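Here is the structure we will look at.
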Amino acid sequence: MRHLSKSDKSTLIIVAALALLAPFILNPFPEGSALAQFNAGYPDLMQRFAIFGILAIGFNILFGLTGYLSFGHAAFLGVGSYSAVWMFKLLSMNIVPAIILSVIVAGVFSLLIGFICLRRSGIYFSILTLMFAQMSYSLAYSVLTPLTNGETGLQVYNDDPQYLMGPNSPTVTNLFGLEMRSTFTLDLGPWAFQFNFGYYVCAFFLLLAFYIAIRIFRSPFGLMLRAIKTNQTRLNYTGLNSRPYTLAAFVISGMYAGLAGGLMASMDPLAGAERMYWTASGEIVLMTILGGVGTLLGPVLGAGFIKYFENIFSKINETVLHGWFAFLPDGLNDAIVWVLHFFVGKGWHLTLGLLFMLIVIFLPGGLMEGWTRIRNKFRGGKDDGEAPSPTAATTPAE
Amino acid sequence: MDAILLQILNGLDKGSAYALIALGLTLIFGTLGVVNFAHGALFMLGSFCAVALSKIFNISKITIDPDKVDFLGNPLKVKTPYVIEWFGESTGAAIIDWSVPLAILFAIPVMLLVGYVMERGLIKHFYKRPHADQILVTFGLAIVIQEIIKAAFGANPIPTPAPDVFRGSYDFGVLLGMEANAVIYPFWRLIYFAFSTVIIASVFAFLQFTTFGMVVRAGMADRETVGLLGINIDKRFTFMFGIAAAVAGLAGVMYTPINSPNYHMGMDFLVLSFVVVVVGGMGSLPGAVLAGFLLGVLESFASMNEVKGFFEALYLPSIDQIIIYLVAIIILLARPRGLMGRAGVMEE
Amino acid sequence: MSKFTRRGLLKSSAVMGAGLAMPTLITSPVAAYTNEPTGGSVTLGFNVPQTGPYADEGSDELRAYKLAVEHLNGGGDGGMMNTFTSKALKGNGILGKKVEFVTGDTQTKSDAARASAKSMIEKDGAIMITGGSSSGVAVAVQGLCQEAGVIFMAGLTHSNDTTGKDKKANGFRHFFNGYMSGAALAPVLEKAYGKERRAYHLTADYTWGWTQQESIQAATEGVGWETVNNVLTPLATTDFSSYIAPVLNSGADVLVLNHYGGNMINSLTSAVQFGLRDKQVNGKNFEIVVPLYSELMAKGAGANIEGVFGSTNWSWTLGDEGTKAFVKSFGEKYGFPPSNAAQTVYAQTLLYADACERAGTFNPCGIVESLEGFEFDGLGNGPTLYRKEDHQCFKDVLVMKGKENPANEYDALEIVEVTPRAQVEYAPDHPMFAGGSLGKCNPGA
Amino acid sequence: MGILEVQNVNKSFGGLKALQNVNLDIEEGSIHAIIGPNGAGKSTLLNCFVGKLIPDTGTVMFDGHSLLGRKPHEINQIGVSRVFQTPEIFSDLSVFENVLIPCFAKRDGAFTLNALARVAGETDVREKAEQMLIDVSMQDKKDMTASSLSRGDKRRLEMAMCLSQDPKLLLLDEPTAGMARADTNNTIELLAQIQERRHITMAVIEHDMHVVFSLAQKISVLAQGTVIVEDLPENIKGHPKVQEAYLGVAT
């Protein structure tokens, strides 16, 4: 902490506060109310926010700093998950060995893939990573079924060896006995706030990941990575070979992805091959760009944004819509519901697609740019280093 | 021998589809410098032009047949398509039967318009933006187009067969003096191959032999200089976007009888078409076509039982799943800019 | 109608009791089992694909779920509740509690399906999860429900594994499986095409494909057929031409397509394009078999399915009373007949509600007990048994054929034979279902 | 013995002979200009210095090392810095960060895993970077984004970046190309100052005679791929061969 600048420290503290109080912040609406549909403060989604936040932060270390756009990052997430589940199957349901192994395996895997892919740059690099990820997916889905359990996904069975399982060990994922799923519900008036142990484990790792990311951003290493993005020729004529730097960034972000994968399996001990499909990699890219490439907080926001839509908007069905507009006369109610039903429930993809377009058209620096703009309006234009990277913000849409 | 011949046919056929899509992608990239993730969606839109036309032909007049009942016991509603009403049984049925070829005429103006609107309304504003932004916005657009089609036509594939005369297959084996059924190939796929070849040839001829095309090519090589000559290159590039959309659309129309179209077919092709473009070399039209055919043939050979068996003996089962990627990776490692790419294009 | 969950009700009343003026801290009362309903309503979670290739199948399942909820709450004409042999359901909800539901999108991905099921359990307080249209999803969600302590009533899942090596005490499957398809199809195929046949299998290269292929191969070899080759096709294949092309020269005279959904539509279309069905091999007409049919697949494949044999769980064209009642209420509400996916999820919902009534509790363990070994009729499939050993329903299986001249798009398939239950039964420890165990019912909490 | 020695270098592309038997000898501590009309082979020669092109025959030796086929970072590591025709700077970064990078590179050398743990702005490196900015009088523009600088300032920044590595040889490729007169004069002045203060050897490839004659201590004239004259500036001015090469007067 002592190495951080003042503004970084305050960012970290804000993130820590947000993470700690997430069960309150994400549950603003009382339970009975119609708006309770928009509450996101339940364990699974909060865990996902944190996990995908880690993933996006890690991706941003590669893409945001070096400009190398990997289209295959989901592969490392998948590999991390598989290794974690294997640890559950072989040792015990304690998440510590699982998370350690998932980070290591993802690191080794990304070293291997990065070593090959980083021989090329630009779109050639992107397509190479994409192809490696697609191969991993195809193989995991079919040929490698003994290792991955294919279509169904790898899970823990009763007859697995679990060599470290004592007679009294918990049969669900835990941290030295503390179960990930244990939740304490605080009923406060009409609100019910859920404090889930698993979520706080994820939040701890999120903060750790965030802190490391700040350190990397502010280190000479981070500076070199940003130099690679803006001008490789100059960097080479400064006596530096950019390859080791990009490879290190690639491996670090691969390890972040592995950590995310390990955590995902720790919260829910199942690893499916779809986790590695190219659309999953694309989702990571979208999260990062949507939030703000090269910013510290952006990727976390982007991850939250997409996961929120996936989990909240997809669950709004016509019955819910009718409920909301029940106060309107029948005809009008039906008309509104008819229009809205294209955008929620089975139409949530449409809303997401439209929002992608709107954000990238009007906020070239992603959500972080929106935030900076709003803040500048109120504060009269002070900037303390969390502005989106200049490349993303130089050209407005028109 | 017969098996190899068959797979060459298959490969050329598949390859022609890849080449057509990659050609359009490269046209857009080469002229406008835009990475268009919505190109697969344009292909899909083309297919749905054919579906829509066949639905239009099937718009029916509903009469009640009191003698028959439907599954609920209500009087049966009999549907007679208006085209049959108007043009008589045989002509009407023929029009419906020929809806896919007729859709070509329908798709060209529609796709040109779609391309034009897309370029003027959206893509234009992204020329100077980073490629990542272009990817994001076109990906968003692709999702939106898909979802609109899904809302209108549903998620299930919609069978849109070729005209009756083109059903069945041609026996090449007999032609080459082999026994019957040794090498047979469906008529419609042969037509698809021929059609693609013609379209590819026309695009090249257009760029090579017309003044318009020459200006566009010059613009692709050096946009500023052409602009300095007082030529409005932007207008021509917009038109090329329309052409690329139309090429994708036509590829889609003709593809409908081969596989029933569905709303996400564009995404299925997207990854592969990018692989094709990159293997061909970013910005190279001949490269895209060459890579399309190469990967098509390769994929077909990899799916041969003999080849699969050979790799299985080497403990490499399911080689057909990954062969394209493997070969593409090797090509990219051996040739840094794909088969025919230029230096400095999208390498930053 | 504003959405009042049982939780909201509980809390508002609790607050009133404690006095509105002071902010009050109340921790949840200890429940006997996960999401024990305490208010006047009970929430079911319908988890179906709403995006992705199976979205239409998901929509059809949702229609059936809504119909079932309406019937359970005493609305509509009661549908199959009137023909169901168990008369425990009274049309006043379940155990007197009004039935409400929440929906989620599985996206046909295990991850997304589990996320959406979790949110229904954790956020909406769903007491039972049902749905799905692929085996991967069904197995993944079934595992989740076992851990969370809620009941899972599987929707469309055909893999042997769902009630084989991945079976779970909290999970129940009404739908049939790959083994049953094979057992039902083989005799019909023998009758139609003879004993002397040589089959060529194209199989989707993943778990469901493998188990189905294994089942069909075993069943057809049982009636004397020979298996020439089994070629695995990658899941992502869209153009099957290169797999179809060598079939004709392989000496085979039957092509078995172990594909589902888009894969099946595309492979069948390719096979027909290559003119396989117009050819003669070994002096016999070349034939194609699609072991698992669905109405939507038939619709997607269009005229290509004419004369092609396959199997389904149920068909709206059946003549029994249950079927008639269901088709009538579904058809009147939505204007077209239901698919077999719709029927299975409707039946599952009714079966769950009925089990609650008979057990007198929502406790998963009570429900497991009352569903295990339960015999019933009147839900469209004839006399049916929920087997205790593996939670698989045993009932008649339909062998279907693509109709030559369908009258309309819902009439693409016709029933060839209703294979009696006895013929498709197998021992719980049959090798294709070996491994795994139900474990103990888990009430959670 | 000069610090950069070029001996018998030949390079041809297909039929075109771009360089024919080129010999050069750049003395340590001097400013040596290489001039010549368009197409004389200046760029080809420069590319042979930096490893981008490998001559068909001949050697390019720098301080006892061959430069042939070396990668840019290796060439830099043995003491060659390069100023480009259009300034190559890290345009997305701040002016200070631009200078910080070569300072770090000079101190830490190649990548080590250790670098991951270090923190930015350690005092010694920061001080050096500050000093470099003062040397090119840009300390007041320290926090500006590099891309927003004027052309002349970009050139200064690039110079500062090169100098912060204490090179033995500075290669300058048309350092004043595309500059306004005032900027050009500033750049000349800056180069002269640097030469005076640090005695760095400079090889200037240049078009602009004004620059060449204000700076160079020795001039080589390249025409049609060969060095036609190598002499002191005052002797070059009226040299008939030079006039012929530039004006194309037939003999």
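Order as written gives the chain letters A, B, C and D; numbering starts at 1 within each chain.
What we mean here is this: contacts are C-beta pairs under 8 Å (C-beta built on N, C-alpha and C of every residue); 3 or more make two chains touch, one makes a residue touch a chain.
Just so it is clear, the structure is predicted and the values come from calculations on it, not from any experiment.
Of all chains, the one whose mean C-alpha position sits at the greatest distance from that of subunit B is D.
One inter-chain figure worth recording: subunit A and subunit D are separated by 46 Å, centre to centre, where each centre is the mean of the chain's CA atoms. Computed centre separation for the pair subunit C/subunit D is 74 angstrom, with centres defined by C-alpha atoms. If you average the CA atoms of subunit B and of subunit D, the two centres end up 51 Å from each other. Separating the CA-averaged centres of subunit A and subunit B is a span of 34 Å.
Of all residues in subunit A, those touching 2 or more other chains are 138, 142-143, 349, 391, listed in ascending order. Subunit C has residues 55, 205, 232, 234, 236 in contact with two or more other chains. Contacts between chains, counted with the stated touch criterion, involve the pairs A-B, A-C, A-D, B-C.
Residue ranges of subunit B in contact with subunit A, taken from their complex: 35, 122, 125, 128-133, 135-137, 139-144, 146-148, 151, 267, 271, 274-275, 278, 282, 317-318, 321-322, 325-326, 328-329, 332-333, 336-338, 346-348. Considering their complex, residues 71-73, 75-77, 81-82, 84, 88-93, 97, 100-102, 104-106, 108-111, 113, 115-120, 145, 147, 161, 165 of subunit D touch subunit A. Those residues of subunit C lying in contact with subunit B across their complex are 52-57, 205, 229, 231-234, 236, 238-239, 241-243, 245-246, 248-249, 262, 265-266, 269-270, 273-275, 278-279, 281, 296, 299-304, 316, 327-328, 331-332, 337, 410. By the touch criterion stated above, subunit A contacts subunit B in their complex at residues 63, 67, 69, 116, 119-124, 127-128, 130-132, 134-135, 138-139, 142-143, 278-279, 282, 285-286, 289-290, 293, 342, 347, 349-350, 352-357, 360-361, 364, 391-392, 395, 397-398.
Of all residues in subunit B, those touching subunit C in their complex are 2-3, 6-7, 9-11, 13-14, 17, 71-72, 150, 154-159, 161, 167-169, 181-182, 184-186, 188-189, 257-260, 262, 264-265, 268-269, 299-300, 303-305, 308, 318, 320-321.
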